[in-house]
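Each of the next two complexes has chain A plus one other chain: chain B in the first, chain C in the second.
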Partner chain A sequence: MQAELAICRQLQKTFKTIQEQSEQWKLTLETCQKDMTSLENLAEQYQCCAKVDLLQTPLAQSFPDIKEKLLYKLHDEMADMINRLQDILSAQNILKDKVSHQAEQCMDLYSKYAGQLTMKKMTECSPLWPSMATMLQWVQDFSRLYREDILCKQHTLEVFSPDKPEAVSSLVEHWKMNKMLQQQMEELLPLVAFFQQEQF
Partner chain B sequence: MDHLIVLPLDVFDMHSQRCRLGPLLMSRLGVSLGNCVKIWWKNQCHLSIAWPREDCHEKFLQVDGFVTSVQPDAQAEKLNDMENNQITVFKHVKQFSAVYLNVVMTDLDFVLKLNENPNMKKGYLISKCRCLLNNLYVAANFKVDFTEHTLGKLYGISYIEIATALPDNLEVGRVLTVTDIEIKKVISKRRYDYCQKRTSDMSSIGGLEQEAKKLREIISLPFQYQQQVENVRLELPKGVLLSGPPGTGKTSLVRAICSEYAVVLLHINGPELTGPRPGESEENLRKSFKEAINLSKEGPTVLFIDEIDSLCPRQSKSGQQDGRMLGQLLTLMDGLQSRERLVVLAATNRASAVDPSLRRSGRFDQEFFIGIPSESQRRQILSVHTKSLLLGECVNLDRLADMTKGYVGADLACICNEAAYSSMARCKCLLKVERINPEPVTMLDFTTSIHNITPSTQKGSDILVDGKPVLWEQIGGLQTVKLQLKQSVEWPLQHPEAFSRLGLPLPKGVLLYGPPGCSKTMLVKAAATACGATFLSVSGAQLYSPFVGDSEKALSEAFSRARMGAPSILFLDEIDSIIGKRSESSTNRSVQERVLSVLLNEMDGVGIKVEEKTTRSGGKERLLEGVPSWSQAEFSEVDNSHVLVVAATNRPDMLDEALLRPGRFDRIIYVPPPGLEAREEIIRIHSRHMPKTDVDVRWLAEQTAGFTGADLENLCREASLHALSERGLDVEVITQQDFAGVLANLKPSVTSSQLEQYSILNWRTKTNKE
Partner chain C sequence: MSSQARSPSIPSENTAGNSPNSLFSPIQVCPTRSPQAGNLTGSARKVKDSAADWHNHVQSWNALSSKGMSIINKIANLKLETIFNSTSSADDEEDSVTRNTFSMPEELETWCKALDTVLEGMNKIVKKLEIVTAALKGVRDLEWHRCVGGAEPLFQTWPIEEFYNASEELLAMFNRELELKTTIVQNVAHVQNRETLMFYTSAWLHQPYIDKNADILIQSMVVETGFR
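What follows is the complex of A and B.
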């Protein structure tokens, strides 16, 4: 009984962190969408600017090095933005570590008491709560998906280069909420609502 | 022991390395949640994390191929049913201290870049692999499949193979942040997939050892001894052209050799390249070459162009086809550098249809001809195909090889399949249950399937005849003719070794002549049945066409088919109507004369086309039994004689003298109208099924002097009709009176003056011979 309580308490704690963290992550990503649009726009400007022959335009007479300057300006702007996104990611990374740590603790706790908990107990569920096995699985899945999501975004930032349209589109694409993760959050978290209210 | 049903994983379990088991099974196995389990299933060994099924069903096991063994596991080879004892549990798994990885990447260019740049390989790839492998349970010689993994796709990594893992004593371990990661090899997915797929090897090819050896040298030398080759500045062959009739195993040979040496085989199909827009086909060809060259930078590669004759047909003199495709191929072939480690192979079944500019040295330097298999080759092919079949004791492969003259490898494979099917169908009828006990394939299955399957060399021709078998016994009388025919048709085809032992040249042609209705055609049929050779029959209808040159071509094609299906009998019935006599008076040459010249040439010409040559090493060996080795050269042309031309006519005087000389039709057999004894026998044969009382056959034979076989058959028919019309439809027996009544009205169809002519001719041919 004590083992079960300990795990349940840990699960409650983890779900709480997940809840907080996922809401925050969602918010962050929503705010990032604005940046994404402008980043896309800037990249397009950069590509167009690189393609156009500015020397043929009247502008070039008064400003002969306008192309380099423009490109530099755009590049600078984008680099700023990328840096900002990097910062967001590193903040998220810390949070991610917290979640994975807690998820690991759940598993550790379980393996510690595995001898005392029968499989029947683990797979037993009530109308109010999912079974412990299921909850453990959700915690694991969430931690894994969250980690992958962040790694994906990290990779797109790494390979970003303004003159490669596919890298830009891949960045924009991946900086949305991961579908699997969103599904987990929206569908599974409400299922543990009663479990969360329980006092152990 | 419980029988488990294996299902694929649910979507949300993908890439979590989980496998789903029933909770009861888990407690029985002593597994708790998150324990590592090894599952043997369908040739492979899976590493998974045990987790109970949410619906707690015990009957199912869900597992996917996320982490599996690299090599098919010998232990799991035959396990198609899932049982409990195929699951092993690992508790308290420790982490590996170091793992050495082979990384399979999707993008070939990226692989080349990484191989050129070791630093990048180290830094970039290691960090990516660490991200992917984090927290997974792995073991040495296992691979992790990232082809459908989001992150894997983004990184361009398809598979990660764990080559070795330290410490050695740990069978299964985890990859954690403390684990050292080293990259051993980076390979492209294309090459990796190809190497994994290597299903066919040389053991699936029968009877092509010589060709395989030569091809093996060409393919493997540049890759194995690259340094030495560069040192001596040797120009390596760039291309090899394989030619031979369809179904002889050109494509399979290339496949087998490539998989033997783990060479990537890039297959180009002619029709796949051609596009609707101008220039598209050439572009596709360029693309294929570029891809091949790219792949060859990574390792040995072979570009295989199948059916090259359709891609680059010989340019006609009129210049109708544009040779752009050919031009492109020539340019690409010339542009190949020998250091590019790429060998271009091409296959065709009509080597003469390939443009000669492709066949010069420097492009396709070497040409291999793969002919129709000889008897010993067929024996080998059959043994390859019957390896997996359950054979009955009665099956004699040597006899089967002997029976399948003119069949190519594909046909033999088809025969084996057909035989297996028929044996399976038989047991289904027999047992009528779902689980069929395998029943051995019997010789009967093989012989029926041989009868059902036409050899592909003979397909599409309308000259192949599959008539009702006629036995010698069905022909009455004519004992001397039968003996002569046996000597000249049956013996050379069935016992060539005896002929060569005595230095006896095989006859090329046999002419039967005699009055109409004396069973000349029947005799030939009986001879064909007796010797079991391919029987081809040419008639005037198939030969003559309104187009100039068509008839000659048809006859020459008939000969080429006969050679392919050798040993064979080519039968020309009523040869006087097909081929006339060269007249000295008329100046304009008729079609018949041209056909005659083709026939003369084909029977006794200078040689045969190279394409029709067959690799008959086995046949030669058989011929040379008991012959001293010095005479080998003499017998090298012996193949041609396997085609025996048999002609029948009733107007021998209409035939050209050139045809009748020895060397063409060297046996001329007169089939006379039946004598007294023969007539008696013929009447007996024809009235075999007729109910008759007190009919004196001897008397009938005496009365029918000058009657031919056909006349006698008619006599019997008329007699039974007479009986029906005279005594009503319910008559039961035919009597002597019926025969006598009919006999009064019948006259022999051949007059004695005609017979005299034949006998003059008979005498003439005899004197000619003397």
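What follows is the complex of A and C.
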């Protein structure tokens, strides 16, 4: 009984953290959308400007260094935005570690008390609660999806290059809420709503 | 070794350099003015006003630049919609010849005139900036006469030379940027391809000849003169 209570308390704590962090992450990503639009626009400007043959324009004679200066300015502005996104991701990474740590604690507790918990106990569910095995699985899934999401976004920042349209579109595409994570949030979290209200 | 503490002795003028024990050369302190504050007069007043002028003129420049940007955007969209779309379907040589003589929509001329007005405003601002820089040059020359070298800080840390150098550096940037904007205004309505149109628009927006340093210089002047 003590084992069951300990795991349930830890599961409750973990689901609470997951819910809070996921909602916060969703809001953060929504606020980033403005930056994404700007970044996409700056990259488009960069690509167009890089294609221009300066010698074919009236600017060539009086402003021979203009292309270089303009591309530098655009690059600089995009670098500032990427740095800002990197900061957001670093902050989110710390929160992700918190979720991962709590998910690990759930599994550690299960490993600790595995001998005392029967298969029936672990897989038993009620109309209000999913089984402990199912909830442990969900917690692991959340943690994994969250980690993958952060890594994916990190990768898009690392490979970002303003002269590669595919890298730009990949960044813009991936800097949205991960669909799987969103789905897990919307479908699974309501299923533990009664479990979360319980006092252990 | 004596345990008695030795205090550094400053040699008197008579013994300086003569005695083998003299370790320090005499320190000559130029008579200084206390940092300027309150109701200013003279050079400090003039420099503080110049710093305020720089700040205000740059604000007006930025406002005009934004106004110009929205006009250029309209011109660009108009050209993209009306001209390039019409000519994109043209695949024979005859049609490509008509591209150059394509009748411009009347609206284009209106926007070009509006852009001209904006440029005129920017021209006036640069003229004012030249006057401010000339005034600072005058103050610098005056300070040079009053205190040789003019190295004495006027407010907190900057001597007059720094104010003048900053002003001159900024003026060079704005002058060059004005030349660029003039060229853009003269050519933006005659652009023949999308990339060049984007190049002009982008060059207007990002002001490549005004360095990131410009903002730091203006803020430094404002902070140094005690506005912030």
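Please note the rule applied: the second predicted complex is superposed on the first by the 195 of 200 C-alpha atoms of A that agree within 3 Å, B and C clash if a C-alpha of one lies under 4 Å from a C-alpha of the other, contacts with A are read in each partner's own complex, and residues count from 1 in each chain.
Here is the rule we use: a contact is a pair of C-beta atoms (placed from the backbone, for glycine too) under 8 Å apart; a residue touches a chain by one contact, two chains touch by 3 or more.
Since the structure is predicted, the reported quantities are computational estimates derived from the model, not experimental observations.
Taken together through their common chain A, the two structures put chain B and chain C side by side without a clash.
In the superposition on chain A, A:L136 makes contact with chain B only, while chain C stays out of contact range.
Of the two partners chain B and chain C, it is B that touches the larger number of chain A residues.
In the superposition on chain A, A:E77 makes contact with chain C only, not with chain B. Of the two partner chains, chain B is the only one that A:Y110 touches; chain C does not reach it. Of the two partner chains, neither chain B nor chain C is touched by A:A60.
In the superposition on chain A, A:M119 makes contact with chain B only, not with chain C.
With both structures placed on the common chain, the touch criterion links A:R144 to chain B but leaves chain C unconnected.
In the superposition on chain A, A:M177 makes contact with neither chain B nor chain C. Per the superposed model, the minimal spacing between any CA atom of chain B and any CA atom of chain C is 21 Å.
Overlap of the chain B and chain C interfaces on chain A comprises no residues. Residues 44-45, 48-49, 51-52, 56-59, 62-63, 66-67, 69-70, 72-74, 76-77 of chain A are the ones that touch chain C when the two sit in their complex. Listing the residues of chain A that touch chain B in their complex gives 107, 110-111, 114, 117-120, 122-123, 131, 133-134, 136-137, 140-141, 144, 147-148, 151-152, 155-156, 170, 174, 180.
Residues 12, 16, 18, 23-24, 26-27, 32-34, 51-52, 54, 56, 131, 134, 150-151, 154-155 of chain B are the ones touching chain A in the complex.
The part of chain C that touches chain A in the complex is made up of residues 179-180, 183, 186-187, 194-196, 198-199, 201-203, 206-209, 212.
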